[in-house]
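Shared between the two complexes below is chain A, which pairs with chain B and chain C, respectively.
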Partner chain A sequence: MTPLLDIQNLSVDFATRDGTVHALENVSFQLARGETMGLVGESGSGKSVSAYAVMRLLGGSARVRADRMISGGVDLLTATDAEVAALRGKRMTMIFQNARSALNPIRPIGQQIADVLRVHRAMPRRAAKQAAIAALAEVRIPDPERRYHAYPFELSGGMCQRVMIALAFASEPELLIADEPTTGLDVTTQAVIMDLIREKSSQRRMSTILITHDLTLAAEYCDRFAVMHAGHVVEQGTTADIFERAAHPYTGLLMKATPHGASNLSDLAAIPGSLPDLRRDLPPCRFVHRCAHSAPACAAALPRVPLEPSHEVSCHMPWKVSA
Partner chain B sequence: MSDPLLELDALQKIYPTGSGQLHAVDGVSLTLNRGESLGLVGESGCGKSTLVRVLARLIDPSAGAIRIDGQSIGDIPARRFGTHPQRKRIQVVFQDPTDSLNPQFRIFDSIADPLRRLGGRKTRTEVSDAVYEAARITRLPPELLMRYPHQLSGGQKARVGIARAIILRPDVLILDEPTSALDVSVQVVILQLLGELRETLGMSYLFVSHDLNVVKLVCDRVAVMYLGKIIECAPVDQIFARPAHPYTRALLSAIPGARDTARIRLDGEPRSPIDPAPNVCRFYGRCPMGQDLCAQKAPPLTNIGAHSAACHFRLDTRQEVLA
Partner chain C sequence: MIKLIAKRFLSALPSLIGVIIVTFVISHSLPGDPAAYFAGPSATAESIAETKARLGLDQPLPVQFVAYVGDLMQGDLGRSFNSGQPVLTDLIRRLPASFELTLYALVFAIVVAVPLGLWAAVNPGSWIDHLCRGTVTAAAAFPSFFTALVLIFVFYYKLGWAPSPIGRLAIYFPLPPTITGFFTIDALIAGDFATARAALGQLILPAISLGLFALAPLARMTRASMIGVLGSDFITTAKAGGLPRRTILWTYGFRNALLPVVNILGMIFSFLLGANVLIEQVFGWPGIGSYAVEAVLTSDYAAIQGFVVMMAILYILLNLGVDILNMIVDPRVRYDD
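Take a look at the complex of A and B:
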């Protein structure tokens, strides 16, 4: 079956005053219909840039190259801006990190949802209003008729986040990119929001990319994972591949830094070193300076080692995960 | 270990609003023992931050007492407390290290500021020595001291926040979500640093967080707050193994990765904190086990051993739950 999203060897560079930032290099992943993929890694590893590239939202300073970049049958490399605009917000939508600043501050939230319905689903004004109220109710906003007229500043962070989700779902997208949708929310609200995303994925066969640095959360909701470090996808596989048979040393370190399951603070270990400066000339493996298992072979070109049909790692010494 | 350092007695903070009296903190009695790390958890809007601000004496309580080593500090007006001798015994590490540092201050001055204000007369060398010492014990590279906040990474700014809080060697450190803005890997380093400082400097912590996985690792006892009230307080192992209050149980079941317990979904929003009915349990209406009694008589906080909870139907005394 053709995947909904097919990204092959995506590279993104940014031209800045201080030199060219090699933000992504040869990032490849596919996403099937109805599938949820977790995109994990430290801040600065390229998770959001990948998402923005897929949404074609990167600004003028970005240079995007790829062998293939197809979403829902549309070639994102050759499509015109108008063609992408027709796709964006309708067939692919994004939940942004900070909901309050992503919403229009001077337009009532209900109308913002109705706008989406009128533009993308050609609903008449009155029907759009009714559907927007239903959408607010669906994300469990109490008293949706009254809240339809509320402005973002009148709502709590958790409620803005839910409005953002209602907005993303309003056009019934095929692809949802959720960029840290629950960071900073209470665990209880987080659970409600994640359950909603899961419900939609199974009901409408919506595909989801969940960007997060919370591995424990992602493990609960994702079918597959891509682990990113310094602009590379260092490992990808099913949730079981990643959590039970992690093959890249970085994946192992990321898990050792996650508080869940540890009974003692000393069980946790920080990832040594820091991300390399992406403006410099980088070695083929961008993790080599932080890696405890690096060997002379690591200076050679970065391989993509298939371990199983579902599991792939970019490492010369897979499985050497520190125990 | 029962050596009370900080005692709160029926502490109350009420804000008058257009539609009534908002009970932000409503009769909180809590003891922080010497050398202890006490976690304070609860959803946003439950009054955690108001409690922190009353404790740090940034605002005045409406009623109730705060005592440190038996000496009352709750009745000193917030305006005067800034220069009060007791002021330096309680310090706060704020949530967002970026927002809480003055962007126009060099790091050195941010750290030196509390000392210059409260440390009594000091020569320049004394101040400088103390700042370098604070940087050393928080492992902040000394070459960063002459820089400005925007030149530092999130983890480095978190260290600055801690360095300036400990420079006066306080007895009580209030940590308001100290790692919520940080990456998992940096979070580990900061948590381990805090654990170490508590021992070497002999401080007591009030650790405010909504990340229960973190609280589990760094706290000796946990107090759970709901709508301005403490509804449960117990040693950390007990609260995780055997929560007594249905709200606590729901909170724990919402932690990502808590696969062994069935998720308890809380429907609806909390009751309004404006003019709450004094005879109704605050959790009534949202509580999965609420009964008529809960709407007639608000349950008081009662102790069973070291485990206190405010519920008529404590889960830890019920056989079917224990089984």
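Take a look at the complex of A and C:
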């Protein structure tokens, strides 16, 4: 079956005052219908840029190239702005880390949902209001009739994230990209929000890309993972591939940095060095300076090594993961 | 909400007191002796002293100040040497003229600057953006009285499109009955369209000269605000949700971008009231600006003080008005404490 999302060799550069930022290089991944993929990596590794590129939400300073970028049968490389705008909401949508700032501060939250409903379900004003209240109830916001009129600043962070979820699901999209939807929320709320996303997306057989720092949390919800480092997808595979048979040294370090059931990637003491400056000329393997297993061979062009049909790594020295 | 308004009002009181003290001191250190002026050219030292005593000007300054504040409390701004009328009466009679002019100038500035700023923000780096920056800078670069003179020269003297720049209404039109004090509105209320048109005609050049002055800050603020809003997270959400461009720009973008613009309107209005001083002079406009100029030229203490105190009060009231406007457009303000 053709995948819902098919990205081949996506590269993104940003033109900035201090030079060109090579934010993504040859990023490839596919997503099947109904599948949930975790996109993990340190902060600054290009997860959000990948998501924005798929949504075609990158600003004018971005130069996007790819061999293939297909979402729901639509070629994102050649589609016009109007065609992409028609895809957004209906076919693919996104929820963001800081839900409060992601909602219009001076528009009642119910109306913001109704705005989406009126566009995608061609509802009249009245019906859209009823449907928006129903959508709020569906994400278990108490007293939805009254909350319809609330403004984001009157709600807690967790409540705002529920509103975001209601907003995202209102148009019944096929693809949901959740960019760190639970970062900044307390642990209980994190679980509630994640359960809500899983429940809604499995009800509708939606595909989900879950961008996160939190490997432990993600392991519970994702079928597959793509691990990103400095604009490369260094490894991808099923959850078992990644968690039990990690082949890339960076994945191994990520695992070690996230001990069982413990915190998240924000305390990355175990990973030596820091991300390379993406404005410089970069070596083929962008991890080489931080890698304990680097060898002369690593200076050659980066390979994509298939280990199993589901498991692929971009490394000259795979399996060298120190246990 | 009432509490908030009261609080804003109270917090403005210290500045009001400061203004009263400063104006008193400054106006009494102005050069020129009003008593000598009033006693007339043929005055003797004796008659000047007599005038001084009659006006209370022979008292020490602190005593004069206490008397002045006492009068202020009762709404007595003193009597103008020039007109012989109570200053308050003078000001109230002249205020509508200035208000009408300023309001039209503000409307002109908003109507031009806000769309220009929005347009520039939606198409940054385009020719319209450069045009916006160019026009706005040019408008700000010339002193308003100079612009006024150029406009008069071109549109009255050369082209003859504008009526002669003297006052609010040519003498052969009947004065409309006073309701709002705005000639254009009063004439419309009275159903006198010819007079309304004539009053509007008189307003156009001074309003434009004055309004050009406010173009720069308004357009720049609108542009910056809209660019900021269009780059914010909730616009990305709106795009991700597939809302049409129209909704994104207007309902989500413009309305949020307007908040800081509304915020500076009070400042711009009072700024324009101040800039009136020169424009009224150029156009023979019988407003408070020309009154103030006359007062300064003749060392008319009471009138100067009255003018400044009234401006301070107006400023406070305007900002209060803006606060209330803000509460209406921005739900977050309503709950702020």
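Just so it is clear, the second predicted complex is superposed on the first by the 312 of 323 C-alpha atoms of A that agree within 3 Å, B and C clash if a C-alpha of one lies under 4 Å from a C-alpha of the other, contacts with A are read in each partner's own complex, and residues count from 1 in each chain.
Methods note: a contact is a pair of C-beta atoms (placed from the backbone, for glycine too) under 8 Å apart; a residue touches a chain by one contact, two chains touch by 3 or more.
Keep in mind the model is a prediction, meaning the values are calculated, not measured.
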item	value
Residue contacts with chain A in the superposition, chain B compared against chain C	B
First, second, both or neither for A:Y151, with chain B first and chain C second	second
Chain B versus chain C as contact partner of A:A219, first or second or both or neither	first
First (chain B), second (chain C), both or neither touched by A:S43	first
Partner chain(s) touched by A:P142 [first = chain B, second = chain C, both, neither]	first
Chain B versus chain C as contact partner of A:L87, first or second or both or neither	second
First (chain B), second (chain C), both or neither touched by A:V116	second
Partner chain(s) touched by A:T188 [first = chain B, second = chain C, both, neither]	first
Common interface positions of chain A, toward chain B and toward chain C	none
Residues of chain B that touch chain A when the two form their complex	43-45, 153-154, 180, 183-189, 191-192, 195, 210-214, 216-218, 250-251, 254-257, 259, 263, 265-269
Footprint of chain C on chain A - complex, ascending	55, 57, 59, 85-90, 93-94, 96, 98, 101-107, 115-116, 119-120, 151, 153-154, 164, 167-168, 170-171
Parts of chain C lying in touch with chain A, wherever the complex brings them together	231-234, 236-245, 247, 251-252, 255-256, 259, 329-332, 335
Footprint of chain B on chain A - complex, ascending	42-43, 140, 142, 156-158, 184-192, 195, 213-217, 219-220, 253-254, 257-266, 268-271, 274
